[in-house]
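Note that the chains are named A, B, C and D in the order they appear, and that numbering of residues resets to 1 at the start of each chain.
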Amino acid sequence: MRELHTKLKSLFPVGDLTEQRSNLGFVTVPQEHLRAVLVHLRDREGFTHLVLLTAVDWLEAGQFQLTYLLSNRTAGKDLGVRVMLARDGATMQSIHDVWPTAATYQRELREMFGIDFPGSPRLHEEFILEGWNDIPPYRRDFDTLKYAQENYSERPGRVTHDPAAHMKQKLNSGGN
Amino acid sequence: MTQNAPFFTPDRSQYPAKKADGTLDIDIASGKYLKLWQGPNHPGITGNMSVELTVCGDEVVEGKTHVGYLHRGFEKLMERRTFIQCFPIVCRICVPEPDFNEYCYAAAVEELAGIKSPERADWIRALILEMGRINSYMMYLGGQAGALGLGVIGQWTTYARDLMLDRFEELTGARIYHMFIMPGGVRDGLPEGFDKRMEETLREVESTLKDVYDVMFCNAVFKKRTVGVGYIDPALVDSYGITGPNARAAGVAKDVRKDQPYLIYSQLDFEPVLGQDSDIFTRADVRRRDVLVSVDLVRQILAKMPRTGPLMATVPNVLHWKIPRGETYIRGECSRGEYGYYLVTDGSGYPRRVNVRGPSYTHAVSLLERMIVNLNISDVASLMVSLHTYPPEIER
Amino acid sequence: MSVRDLLSPFAAWKNLFRDPVTIIDPLNDRPGAPRYRGFHQNDMDKCIGCGTCETICQNGAIDMLPVDGIETKQGDSGLRPRIDYGRCCWCALCVDVCMTKSLTMSNAYTWVESDPDAFRFTPGVDKKHWDNAELGYHRPEEHQLMAKVRLPMGEMEPETRIESFAEIVNGYTIEQARLEADRCVSCGLCVATCPAHMSVPDYIAAVRDGDYERGLKLLYETNPFSGICGSVCTHKCETTCAARHDGDPIAIRWLKRHIMDQVTFEQCRDIVGGPRPATGKKVAIIGAGPAGLTAAFDLAKLGHSVTVYEAFDKPGGMTRWGIPEYRLPYARIDQDIDVIRSVGVDIRCNVRIGKDILLDELHNSYDAVLLALGLQLGRATRIPGSEHENVRKAVDLLRQATAFEDFGPPRQAVVIGGGNVAMDIARTIARLQKKEFGRVQVTLTALEDLAHFLADPDEVKEAGEEGVVILDSRGPRQVVIENGQVTGLKTWHVKAIFDEQGRFAPSYDETDEQMHAGSMVIEAIGQMTDVSILGDTLTEKLTWNRGRLQVDAGGRTSEPWLWASGDMVRGPDVVSAVADGHRVAQSIHEMIAETEQPK
Amino acid sequence: MKDELKIRVVKGPDGVEFEVEPLKDYYCEAAPTVMPAAYIKVVEDLFNWARSESIWILGFGTGCGAIEMRPLMTPRFDAYRFGVQWRPTPRQANLFVISGYLSTKTLKRAIRSYEQMQNPKYVIGLGSCTINGGMYWDSYNTIKRLDDYLPVDLYIAGCMPRPEALLAGFQDMKKLIRAGKAEGANLYAENFEWYKANQKRVIHDWDMPDYNW
């Protein structure tokens, strides 16, 4: 892993390596170099399998983290390539031509996080949701419980008691 | 070769032309094309997904996969559940083989929390995963035959699967959603007399497989309908993220159990099952032989596993368990390919983000949409089943 | 394609000759497996209504509801879980975390209804056909999600600690405290048990998070004597802790102490926030013990001018004069009191009411007067020989020991009593003997048998380790005096302490008489208040109840200007005194506010 | 609106052009009506007996619970001996088993399927999810109470209910039908407006006719 990281570092301005396991590492790459890094990893380093592409919402930092997880099966190694995006108007270049499956991931990210991938096929078609009318649901600022309570009705008649408060009221009412 | 019927030459004069951006120029009003929906009303065993087919005559010119019918927003729900509260919910992501969710989630949490599950628990986990694999394949075999009108196979395999569910019930306390592998270990050890009953069940599975082989794989009709149909080019394996039996049937020996052995798989003796022809028949055959491997693995596990020792590692109080910031990816080889959990924690008592990588994600969408073109309508169901996709793991 | 491919499928026909696999009566032939996670059962006798099941349920399926016929009592909230089968997913996490193992699952799984609202039930209360099912999921013994064992508190070895009056326990380290705090399930059963209603789960959470400022703030909300309580509280809370049903109770007292160990005096002072704007009202408090000072603290925080009169030369009351230093170092008392002083409480020591200042003077110059006298006088056994000068009271000796007065520690001593004070004096004497004579010779005799000692089990254990000989079920009969010198104590074996009506009337086995040698006999059988300072007229005017001053819920006596609080009305206990101090302060403040209004 | 739902002009094989309006042309516009019982009680009882003994289930596995229906269709549990069988199309079915949670996307299809079923028709809700949201009680994409959207005759507790529990449910369903108490379809017709309003509140892109018959 370290060897690979040193090599990458000599070629691209990549960040430090987070070595999660001996065969799994994470590295942050500037947005504009992502494509080059991915193609390099795929064609020169044997990371031919795009395991997944997903996003993490760091709401407090105002950033989206995109994780491209690549796998080199023969070496038994995985490398997660992280890209940090500004959360406002998040846009990222599409890699559907590097891995055709990426188009599906990008479609999902567009729908669930609201990240735009210009040029990705069928990006704006509905994928999972239908008739969604709120902010993209996987964003941290979307409150699923609140949405559920506002849109769907619960069966009435549920009520609960806090044991501590209930005991205090039962045992110590009257101040003694 | 995508069609094996030499006497049928499709009339492609009416085929749609391609537009500049590569998409097909289909004018539905021209009357040349018909939209046909396969699903979501459970087309075979593929679950609630649907393929929107555009057909020209008998041939599919375009297929679009539609998913989301089973979307519950697991990844969102998990963000507002504590680490232990996520444990019961994950298995719901995949009904026919729920245990991989439990294992991957538990292993991811353990890794980030710096916990090591006890060895005995690892063996039991592997046992459960192999039992689940047998079940999943048994369901597949029934579905694959059923998609071609061979209903009897499903009658048999469902029975064998149900016997295995009985074993699951006595081991884990539930038939379908076992909720047995929890972060830290497993709930309990094997019940008394389990080995004996398991051996009986395995024998039943083997005898069922023998019958299935005779009636399904040595069947002129089945062969005619599947040999040479639904070919996956081995070159596509990496670019389309194909894993599991779909890749192995194409001669690519992808098997996480061998590539990156997890749990106790390095102590077991087995070889990944490979095929060459990469058509529906080969994929079915790879899965059939894979069941036999799993049957053997279950026997090996029962013979080698330690019978005493702790089953749970010491975990912090689960009510306020916090895990330091980190991210990891845990994978396992499920019956459909590589199943994985990407877990990100931020030091709080809740996961920051969970992403579930189901093998069907790539198989059912990008791969299926590519393979379905030029297929005869009657083969669509068979092809869909042969990719062995479970939609809940696509949309979660 | 071969001929085989045409013929082989006919192999299916062999099934004509197989026995059918169909289950004849699937509704009755298939009970759930012994581990099956079916419908819930709850053992009403075991359940304590702690609500941990509700906390862990990720589906929000469990409500805690009061149930007819189940009373709220100490250690049992009286609530019982009601489960909504419109939510449940049968994961059994509720069973796994059940603190008493009362919640289990049966192997029943069939429940069909037309009414969707019927799927809510309180297991154990609403009768169901699976209530008596034997099989089903019960938490396996080794499947333990909660740590059962309390983290041991580091303490000095008996051989070392007997050498001095240095504090015995070390207090938890941060790591230990976190682990211990982690065991808490935050059910809050302890809150109602604590006389001061300290917000235990919250400050334990603060320990867990390492946020000691927050913890300190929570402590000071309810208890200005947290430093003292952290060392010597009777921790009744730990007797109702949910964790004690399957393991050790949480070390609540030690965690409180841990917070106090981690903060400085300055932090405490800043948290209470200094003197408040004055209201111009004046309150006099007699006695600078926990009750008096808690009331003073509360009243001063409300802006009243508070003066505390203390007869001895240092404040602290029985916490200082009654509790030995090895249990409660004086510095800790000083710190708590200094914080109280920082809000503007004026403590005047060496002022004895009746001698240096008259109660009437206080009555005239203050808006209210509070008596917080404590229990300063030891009770006597009145057995023959007990009037001898070498038959002493434990409280007196403890006070002398605190003041470093030499009362002539005996070479051999006998202590009568089985409470904490008896332990305190026995261990104090033991230390003095060790210093003076190099060996410990203390015999302690108690009426109760060992299982029913009034003293803390830890105290009994530690006293034994330090060389105190503890004899249980011994009733004192006579102090043996030879040539004018005490030579020992004769005791009889106790058959029963209470009579059939449950009244205190010990019965003895007179044939089993023992003689315990000792040149001093110490009585530690209880204390009482020195009410002589009230004067005859006032004593006459006040209402009494069996020798105790009669007060209302707010601590007000029958005289409208006079309140009483603490041990003299509640019995000996620091945290009860603190709680009482709060109540009295509230009552006094209400009175002041009432008189204010008409103007 | 999806392309295929728009009004369009189509040229038939015979060369004649005609207009197609998919949302109208393929559906009956009449609202559902209440089906009264037979005049004579004996006849109605006979009908109910017949109905109860031929429960035909729509094989639309809407959620998790569908997996426990497969054992019922096969020899081990063999529901067929109780007069229960599965049909591939709503037009042939009279019992709709909602097997667990319904995402709004599936709810739309479920309503469509339900409305296409023949009267008298029945609905069984499986498991916690149909009763009060189940473990997806806080999900943004699943409905919480099935009875807000479809008339439910019976609920079976469990997550998911086992085949045996389902069989017990079918037996109870039969009793209900025989007793003439399974009036879900009539309830739906009577409160059609209410059901439609509920349905439309959660299905945001309503691109189908109000009654899919």
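Keep in mind that, in the parts below, contacts are C-beta pairs under 8 Å (C-beta built on N, C-alpha and C of every residue); 3 or more make two chains touch, one makes a residue touch a chain.
Worth saying up front: this structure is predicted, and the values here are computed from it rather than measured.
A.B. asks: Hey, which chain is the most central one here, using CA centres?
C.D. replies: Smallest centre-to-centre distance to the global C-alpha mean: chain A.
A.B. asks: Report the inter-chain centroid distance for chain A and chain B in whole angstrom, where each centroid is the mean of the CA atoms.
C.D. replies: 23
A.B. asks: Report the inter-chain centroid distance for chain B and chain D in whole angstrom, where each centroid is the mean of the CA atoms.
C.D. replies: Distance between chain centres, rounded to whole Å: 29 Å.
A.B. asks: Cα centroid separation between chain A and chain C, in whole Å?
C.D. replies: Those two chain centres are 49 Å apart.
A.B. asks: Between chain A and chain D, what is the separation of their C-alpha centroids in Å?
C.D. replies: Each chain reduced to its C-alpha mean, chain A and chain D end up 37 Å apart.
A.B. asks: Counting only residues that touch at least two other chains, what does the list for chain A look like?
C.D. replies: Correct list: 129-130, 137, 142, 144-145, 155.
A.B. asks: Show the residues in chain B shared as contacts by 2 or more other chains, in ascending order.
C.D. replies: In chain B, residues 68, 71, 73, 76-77, 80, 88-89, 159, 177 touch at least two other chains, as defined above.
A.B. asks: Return the residues of chain D touching two or more other chains; collapse runs of consecutive numbers into ranges.
C.D. replies: Only 75-76, 105, 131-133, 135, 137-142, 145, 159, 162 qualify.
A.B. asks: Make each chain a node and each touching pair an edge, then name the shape: line, ring, star, complete, other.
C.D. replies: complete
A.B. asks: What does chain B use to touch chain A in their complex?
C.D. replies: The touching residues are 23, 67-68, 71, 73, 75-77, 79-80, 111, 238-241, 243, 254, 259-260, 326-329, 331, 338, 340, 342, 344, 352-353, 355, 357, 361-362, 365-367, 370, 395.
A.B. asks: In the complex, go through chain B and note every residue touching chain D.
C.D. replies: Residues in contact with chain D: 28-31, 35, 40-42, 47-48, 68-73, 76-77, 80, 88-89, 92, 95-96, 139, 142, 154-155, 158-159, 162, 165, 175-177.
A.B. asks: Hey, which residues of chain D end up touching chain B in the complex?
C.D. replies: Within the complex, chain D contacts chain B at residues 3-4, 8-13, 59-64, 66-68, 70-71, 73-76, 88, 101, 103, 105-106, 109, 113, 135-136, 138-142, 159-160, 162.
A.B. asks: How about chain B: which of its residues touch chain C in the complex?
C.D. replies: For chain B paired with chain C, touching residues are 81-82, 84-89, 152, 159, 166, 169-174, 177, 179, 187-188, 191, 211, 214-215, 218-221, 223-224, 310-312, 314-320.
A.B. asks: Contact residues on chain D for chain A in the complex?
C.D. replies: Residue positions touching the partner: 104-105, 108, 131-133, 137-145, 148, 201-206.
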